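Each chain carries a letter (A, B, C, D and E) given by its place in the written order, and its residues are counted from 1.
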Amino acid sequence: QSNEPVKVGMLSTLSGPGAGLGIDIRDGFALAVKLGGGKLGGRTAEVIVADDQASPDVGRQTADRLVKRDKVDFMTGVVFSNVMLAVGAPTFQSKTFYVSANAGPSQYAGEQCNPYFFSASWQNDNLHEAVGKTVADKGFKRVALIAPNYPAGKDALTGFKRFYKGEVASETYTQLNQLDYGAELSQLRATKPDAVYIFLPGGLGINFIKQFVGAGLSKDMTLFGPGFSADEDVIKAVGEPMLGMFNTSQWAHDLDNAANKKFVAEFEKEYGRLPSLYAAQGYDAAKLIDAAVRDTKGKLDDKAAVRKALEAAKFDSVRGAFKFNTNHFPIQDYYLRVITKNGKGQVTNRTLGTVLKGHADAYAGSCKMPS
Amino acid sequence: MSTAVLKVDKLVKRFGGLTATDHACVSVGQGEIHALIGPNGAGKTTLIHQISGALHSDSGSIHFCGQDVTTLPMHERALLGLVRSYQITSIFGRLSVLDNIALAVQAVEGSSFRFWTSSRSDKERYAKAQAVAERVGLGQHLHRLANALSHGEQRQLEVGLALATRPKLLLLDEPMAGMGPDESERMVGLLQSLRGETTILLVEHDMDAVFRLADTISVLVFGKVIACGDAQHIKDNPEVKRAYLGDEAHPTGPAQEAA
Amino acid sequence: MSHSTSTPKTATSILDHSLQLRWSLPALAVLLALPALAAWAGDTFYVGLATRVLIFALAATSLNLILGFGGMVSFGHAAFVGVGAYCVAVLMQSGVVSAWVAWPLAVGLSALIALLVGFVSLRTQGVYFIMITLAFAQMLYYLVISLKAYGGDDGLSLASRSTVGMGLDLGDDTHFYYLTLGILVLALVGVTRLLNARFGHALQAIRENEVRMTAIGFPVFRYKLVAFTIAGALAGLAGALFANVGSFVSPAMMQWSQSGMLMIMVILGGVGHLYGGVMGAIVFLLLEELLSHYTIHWQLGLGAVLLGVVLLAPNGISSFLRRKEGV
Amino acid sequence: MSALLEVKQLQTAYGASQVLFDISLAIKEGGVSTLLGRNGMGKTTTVRSILGLTRAHGGTVHFRGERIDQLSADRIARMGMAVVPEGRMIFPTLSVAENLRAFAAKRNASKDPWTLDRVYALFPRLAERARNMGNQLSGGEQQMLAIGRALMTNPHLLILDEATEGLAPLIREDIWNCLATLRAQGQSILVIDKYVQRLVQLADQHTIIERGKVVWSGDSAQLGADPSLWQRYIGV
Amino acid sequence: MNGILILEQMLNGLQFGLMLFLLAAGLTLVFGIMDMINLAHGSLYMVGAYLIATISAATGSFWWGLGLGIVGAAVFGMLLELTILRRLYQRDHVSQVLGTFAILLMCNEGVRLIWGSQPLSLNPPASLAGPVELMAGFSYPAYRLFIIGVGLVVAGLLYVLIVHTRVGMQVRAGASNREMAMAMGTNVRTLFTAVFGVGAALCAVAGGMMGPLLAVQVGMGESILILAFVVIVIGGIGSIRGALLGALLVGVVDTAGRTLIPLFLNAAVGPQAASNAGPALASILIYILMAGVLFFKPRGLFPTHG
């Protein structure tokens, strides 16, 4: 039995504007496997990589293939929540465990929570809740909100508003994959908020920030974002204009714990770039699977045992303390970061402190997890 | 005096600033061959377009067999028996001669919304089509593709398509254009033979043919009908001579020359 | 000069189409045996894949009816597929599981929408027609996206497959496969009859020369509209099958790229060839499946194959068939 | 002096069906020749083969001393051949003036050159419709335009394939007169038309073809003198 | 709603429209005039943008990148024409669709092989990076103004080339009747190769202009190609004037729609429904525009073929 490899279906977005995110997840995951000597929980690991092209349809079919034809033991990797919702059904139906390295839709945290779904990242609202709290704490009174028109975008702004109670100057939903924000920027200029909160993943955020600065708006309003809109990939593309941007994250590359130090150093060595939070999530997802395979002694056919092992989450997360809530979403800390120049003159994030401690999501209450 | 099959009253068509037909009036009697002649660009084809329904008229009216057809769509006019041919050949190039004509037969037989019964099983229709093909001189080419016919043969098919719909009134736009003397001669014969079967409005620049065929002739110049009458009347009309005919004798054969 | 016979030679005319049983029956036999072969090989995943291919074949065949035989290059065909699929999914959500209710409704609704879209679009010609059909498809696409009650962008999962009774369990992949195959065969027979009937001859002649068809008395618009509606209905049927095979519908299946893919399948298989849609769907999807197995850069290979077909075979894969038959 | 155009044993087929079997003819510098025959006998095909539009599979064509039967159509045209094609082939997306101007050239420097104004003077109707698109012309107007377009290239050899088709008698007369004038100026012409007796007056050499073979050739005097030829091959 | 917002949105619309025009211009040349459906047009745009981004990064100068990238794209376009596309001119539209779709797939995958899946970044030249104060209290990004300028200049040049030069006439002639154009002495083959080069260069200009505003990534050409098609169809295929007008219409309607529709819906049906329907409605606005135009003018605003 144990000379058969553990099969993991890494279904992620590897092309298009969201490709950067999927690639980081894939690389983070691969790094963990590599550092473990090509093994997960003591068994040889076989990671089957597939591209969902950010499309629910493609995701669904590819998941079907991974589950039915390749008969994978674990699934992971999906970036976008709408893809996740399409991938869920066939995966859960076939009793395959899904360990999310990013997407954390509210559905799976609440009423549709599922014994086969585990989030090694965060519930979609969480980072935004943390920003909401930060913005409120810093005393901003009029905030404009921008997010793409898709489920996670809606979740994000809901999360933000759960903790920010001031005036919302405007709430704009853009087309998913929109890259030119001329119209939205003009509106900002007219609305004159004192802060702007954007939830724009990947290339969307890069473009927005560039254009925001190009339009001369950065002088008049403060820009906030979730961690991934101000992560290393974005900084690399935008550069100096981002200096001073506040953002929140469940992870930061300068977090002071041994697991993280090792991860950051090895990642830089392996890929020649700083890891992003997606990479960290991919890495943690691998570590979680690793722990589960190890603790069940490789007996993956015993679904109940695997589930128990996953729920126990006995691994050293790069984000520090980590445990699962009853809905299989993490209870964890969220940090405030700011973009500055480090000692070497590089533009990068610096952690300022903890915004939310031991924070759980708002949906766990409505989850009746089947036993 | 025969009753008018076609009565065109004060028909007008403007293209931007150009008035292509300008209150044109034409009346075609039952069973006659009526020729419409006039200089290039006078508006003959435009008038045919208007009568057949390919172009909407800006004003004026068209009556066919007593019925006002001015606003009727083209295909309904065709089904009433008002059918045209084209000056610039318009046929089904990738179909055989027989299939070309069989379609025209099918058009007027109605009930083409048949989805199940094989069309080929309808032997009678193909027999009719063959008869028409033979009549226009394409009897030897039944199974050739229309595209592979020579220009002159295509012109014959052009007329055959219109003829196969058994029109009450046949609008022919330069049927002889592109035909050699021999074929023209045969076309004249064909049109002669249609006398009594159908009424014909003929646009043609081959004066030889026009004078031999036409019972009455209308002359269109700058969109207006400037003269109407029998062949002799038109030949003698000085205005027509100046605008159109010139000193045209009957210049097709060597016979005149030899004489 | 008189000629012996007026019976038309059927073999050479582009108007006539035959089911070509000489090789299509063996092909059908292979398709019938496929589930058994898959079970023998122990990989039932392929039954699902084959079902998907057959449904695509149906959708592409319906597009070929208007594109190949009617000369109407519709760039919005996926929208009708989507309408059929959503119809089944939405009915399922409100508790209608019987295929006998849901599928006819899906077909009817797609036909109705095709009728309306065609009514407006068929006023235009050529590329304008291509683009206006795209426009309507995009409208339907965004309409579905904005229906949050039915999942919006996320799509909608079906609780189960439709039920038909009569001892057929559609939840079983093999049963579903045979049903799909049966539907496809019936559709092909129907399309063949239609093309060889008067309606089909008129439709194809309209493709050749629309103006002249009007001039000899055919109500061209009506013919095109009827054909467009029939194609819409068949696409809706394909949509109903799609919704069932994956138990999932999403707006993505109505996107322009899907319409484009159907078009590519038809062109690849052979525009205006009876089996054009079927062959195109099979070859395209199998190529995709095969190539993506070997490399993530499979699109390079797919592109090369498609290019080869275009350059070597003027009418897609069907050119090879015709040549062999010596027609 | 050698011939301007010399065609020897030309053979041409469309796909599998051979249309020209053995066509030979010659036009001398300044000469006017005709090609006669019933519909479908291969007149147009001969012209197309000379122009390089349909490739001949046998025989040779020499033009101005050079062998041209393997050259591309545009090369041949630039050597100084211009055609008024059967069916007019007006460019529908160009206006009348553009149809005339787009290909204007002075390929034959020895003659009084054709200009836009001169063409308009020949066909006043075209001047009136100068801004119309090509496909917005009447049939006869298109024919005039096709003739004008060919003249605008000032060719060494002008080929007219049924150039009077669809023209009113008056205009037809104008064309005959114009061709006579051109001839007087030394323009070489190859003409196909159904008004045979006009051609007898205009041309000096005639070639009659039937089913892709030359069945008779000779000069105007011979042709004019033998009405039985007409009966047999042209059908008048 | 204030005047400046409206003015700025108009400028945005103009800029977006002219950006579309740059792309539509090449498409009008190749498709409208040479009558060749080229789905790989978007690939030329992508290849142009990648070349420009790469050369810019290597030389450190946006302008060098732009110049060399345009030349590179033109050469690439002509090679494509010489090797493959010229075999497709004589074929029907559907074969062209399949053939150029194949090229599109191969270009996408080729670019992915060379540059990887992740988007490249291309930054505007430093001199154009900031805002320009157009009037008191109203500044506008310099780079967007630059795009407006380039768009207008290209429109003018192209108009002259196509409508007023003999080469332009010969291209149109060759497209409508290739054989006859050859019989009139035009070397249609070479001419078309050259035109294709120009079309590709225009694509690269568009790619270079849009690169800094959008992203340089695989597949960037496809969705915008659809928009470019919408533009030329609205304008009337083959008409430069039409393409310009269509581009501006689409640009303004799209921009205005994105701002005004949510505002309007907010007032009409409340924020909840507005946030659901607003973005979808804004997305289909240009399609409604196109369908509307074609309903009343089935051959676009400036029909060219009669």
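Simple rule for what comes next: a residue touches a chain if its C-beta (ideal position, glycine included) is under 8 Å from a C-beta of that chain, and two chains touch if they have at least 3 such contacts.
These numbers were taken from a predicted model, which means no experiment stands behind them.
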Please report the minimal path length, in steps, between subunit A and subunit D on the chain touch graph.
2
Between A-C and B-C, which chain pair shares more contacting C-beta pairs?
B-C
Identity of the chain that, by mean CA position, is farthest from subunit E:
B
Please flag the chain sitting at the greatest distance from subunit D, going by CA centroids.
A
Could you give the separation in Å between the centres of subunit A and subunit B, each centre being the mean of its C-alpha atoms?
76
Suppose each chain is reduced to the average of its Cα coordinates; what separation in Å results between subunit C and subunit D?
51
Using mean CA coordinates as chain centres, what's the subunit D-subunit E distance in Å?
44
Which whole number of Å gives the spacing of the CA centres of subunit A and subunit E?
35
Give me the residues of subunit B that touch two or more other chains.
none
Touching two or more other chains - residues of subunit A
14, 149
What positions in subunit E touch 2 or more of the other chains?
112, 279-280, 283
Interchain contacts (touch definition) - all pairs:
A-C, A-E, B-C, B-D, C-E, D-E
Contacts from subunit E onto subunit A in the complex sit at residues 1-2, 4-5, 8-9, 12, 15-16, 112, 117-119, 121, 123-124, 129-131, 139-144, 212-215, 217-219, 223, 255, 258-259, 262, 271, 275, 278-280, 282-283
Can you list the subunit B residues touching subunit C in their complex?
52, 54, 73-76, 78-79, 83-84, 86, 90-96, 98-99, 102-104, 106-108, 111-120, 122-123, 126-127, 129-130, 134, 139-140, 142-143, 161-162, 164-165
Which residues of subunit E touch subunit C once you look at their complex with the stated criterion?
37, 84, 87-88, 91, 93-95, 97-99, 101-106, 108-110, 112-113, 222, 226, 229-230, 233, 237, 276-277, 279-281, 283-284, 287-288, 290-291, 294-295, 298-300
Write out the stretch or stretches of subunit A touching subunit C in their complex.
14, 49, 51, 55-58, 60-61, 64-65, 68-69, 81-82, 85-86, 89, 149-151, 176
Spell out the residues on subunit C that touch subunit A in their complex, using ranges where they run on.
43-46, 48, 52, 152-155, 157, 246-248, 250, 252-253, 296
